[in-house]
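Reading through the structure tokens given below for one structure.
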């Protein structure tokens, strides 16, 4: 029973990571850009949700605002800064987006203060449901799992079936070619960037609802999303999904089970200490294993 | 003497001169600021070896900075308590002697750099950036969740470690130690970079395919540079721990990695003394802008954006311009 | 007949449905220039990459001075004395001419893990480098940045770097590409002398240069060698005339 609950937690965590990683991997794949500020957009989404939900009393409006605000911030940042970086080397991209993190984080701290904000769920989403087998599980976490799955399906459809998707795939294959095809690259890039930003903002709002909304919440998630992409392979939505679920499961189950497993061979106190320290390293060990076997990631085509 | 060498010497002299003048005027706080700048500069010099000369954009050097710091703090705290650090396989006692602490700090961070580098260098480009960042985060979380040495709260030690013949509590004497190590590290880097190793490293950075066709394997060169870089940054971490007599996981955080990179960039990538100028400017900005607003990092962020977009050679590049390599 | 320096035996490589190399056998003998010609898409690049060790053949073997080198990577083959030039000139742009060639001498020595002695003051590196620079016709240009060289000078720099490898064989990938008339004439003379150092496998589109330089020619079409012979034999070969040179060939 505990295992089933932890597996669901892992699934929910993985879906949230997927929302974050999907946008990042698209931006990598299509524009060849590393964006450290993706975590800042996640934070913008969370704060927008908290502010709008706080002002209007409607969680749903807040959720909508998170998508809209993060997508708008993403589009703005792309127009003002990011598009000057496509032709630059990765170092310049790292620095400029690091600078954006400083601006966003400190700016948010200035606007909202350093104290965490908390969101309340509407009654329709709170409480627990009884799953087959008698497990009581929070409804909202199930909603996140469902939402993540829906976004994944939506992205597969978007990339595989629509005109925008064809252009995105063409852009991943050959950046010069889509220019030759007469596609307005500048607009395509802004759209892809805003799409990724919106998904990150949505993830931020959802996680902010479970935990809390505060400055700096984005960067730990950003680094996990990097791990997801390294495992899944750059530019692959499928890789992002598989990688996110692997990371979510490994982390959750490791933290839940490892101390208990170690307690069988050593005393409880040190098993707890060693177990939790080791569990926090598990996903990175997973990443190291993937690097040894397949440096280009599970679904990646090229390394670099 | 080239214009750049001259600029390098002026920058170093300015840092040392500032500390001496501050000492003469009785401004102990400024001496401590200069010490902090020297330590950050040392970390920047270390990163520059990998980043500027080896072309490895590592966002994980906080790992080595923090490891160096933790080695220092752990040895010092054991020296204070009298408990050995380890008894198996052989007894390792704590120590509060800097000349004993530094080699250990460098060895342990070098070892970590060897492991992280060996794995990370299997990738290039954005993968490399993400992987180094992720491994540093792994060590960060390990430090947070490992309660033995303070976990999240960090680890304090109450007495600064000692150096034979010097009073390390005197700010100017501790500055002298840090500045000497900085100059030494600069000298070692200058030597290495002019030797065959440096030539091959730079050649492999600018044109890896050509290097291979000349019988040179870039992987080994880069890994060696990465380890040397990690060792220098580890030494800086040990000095920083002694400056504050405190270490915490913050030294290992991604933010620290970003800051070390900022020291390098503010000064100019691939310039020997760039990080010295960069660290000094960073400390100065922190002090000046920090006085204007608590949110000075917004201004730092905007300044950094401006440099990346409009002055890619860094601030030293503005004074001693040089054509960028293709 | 003397032992071949380089020998390819029944090399095969396919990419999916495309057969890029279809049973190629070829020898490079001491003192000769062996030209490899063929239309675009014939598989010349794939073949070169296999010789250099950039890609592995599916089947077949490559012998260099009598020793199978199939298991060696690019740097190891270079250190055995397999020197190459690139289709697009490939030098270290931020290095001077001297630094480029010193790098080549250091790479060939296999001792690049030296950390203290300044490379540019090491006579063991600089003396051979200056010699090779002169040999390649770049005397007096030692201090010039490689990115400031003219196209033709960059070609010469590549040759100086190849010489520094103490080569046992040269693999030159379209050295005439992008050269003007005068440049091509100069380079032809240099290459002709170069065969005294080591034999040359020359991949080239410039037929004037090929006919002027080559001792033997092999014609590669659709991954197969359809003919090998002297200049006269190849000119006379009806299949070559039909499939490659065309009826208006000289």
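Of note:
Each chain gets a letter, A, B and C, in the order it is written, and its residues are counted from 1.
As a working rule, a residue touches a chain if its C-beta (ideal position, glycine included) is under 8 Å from a C-beta of that chain, and two chains touch if they have at least 3 such contacts.
Since the structure is predicted, the reported quantities are computational estimates derived from the model, not experimental observations.
Using CA-based centroids throughout, the chain positioned farthest away from chain C is A. More C-beta pairs touch across the A-B interface than across any other pair of chains. Among the chains present, the centre nearest to the common Cα mean is that of B.
Separating the centre of chain A from that of chain B, both taken as means of CA atoms, is a distance of 31 Å.
Averaged C-alpha coordinates give centres for chain A and chain C that are 49 Å from one another. In whole angstrom, the spacing between the mean C-alpha positions of chain B and chain C is 44.
On chain A, the positions that touch chain B within their shared complex are 28, 32, 34, 81, 84, 88, 90-92, 94-96, 98-103, 105-107, 109-110, 219-220, 223, 226-227, 229-230, 234, 273, 276-277, 279-281, 284, 287-288, 291-292, 295, 297, 303-304. In the complex of the two chains, the chain B residues touching chain A come out as 51, 57, 59, 119-120, 122-127, 129-131, 133-135, 137-138, 141-142, 144-148, 254-255, 258, 261-262, 265, 269, 295-298, 300-302, 304-305, 308-309, 312. Residue ranges of chain C in contact with chain B, taken from their complex: 52, 73-76, 78-79, 83-84, 86, 90-95, 99-100, 102-104, 106-108, 110-120, 122, 125, 147, 161, 164-165. For chain B in complex with chain C, the touching residues are 191-192, 194-200, 202-203, 206-207, 209-217, 221, 224, 325-326.
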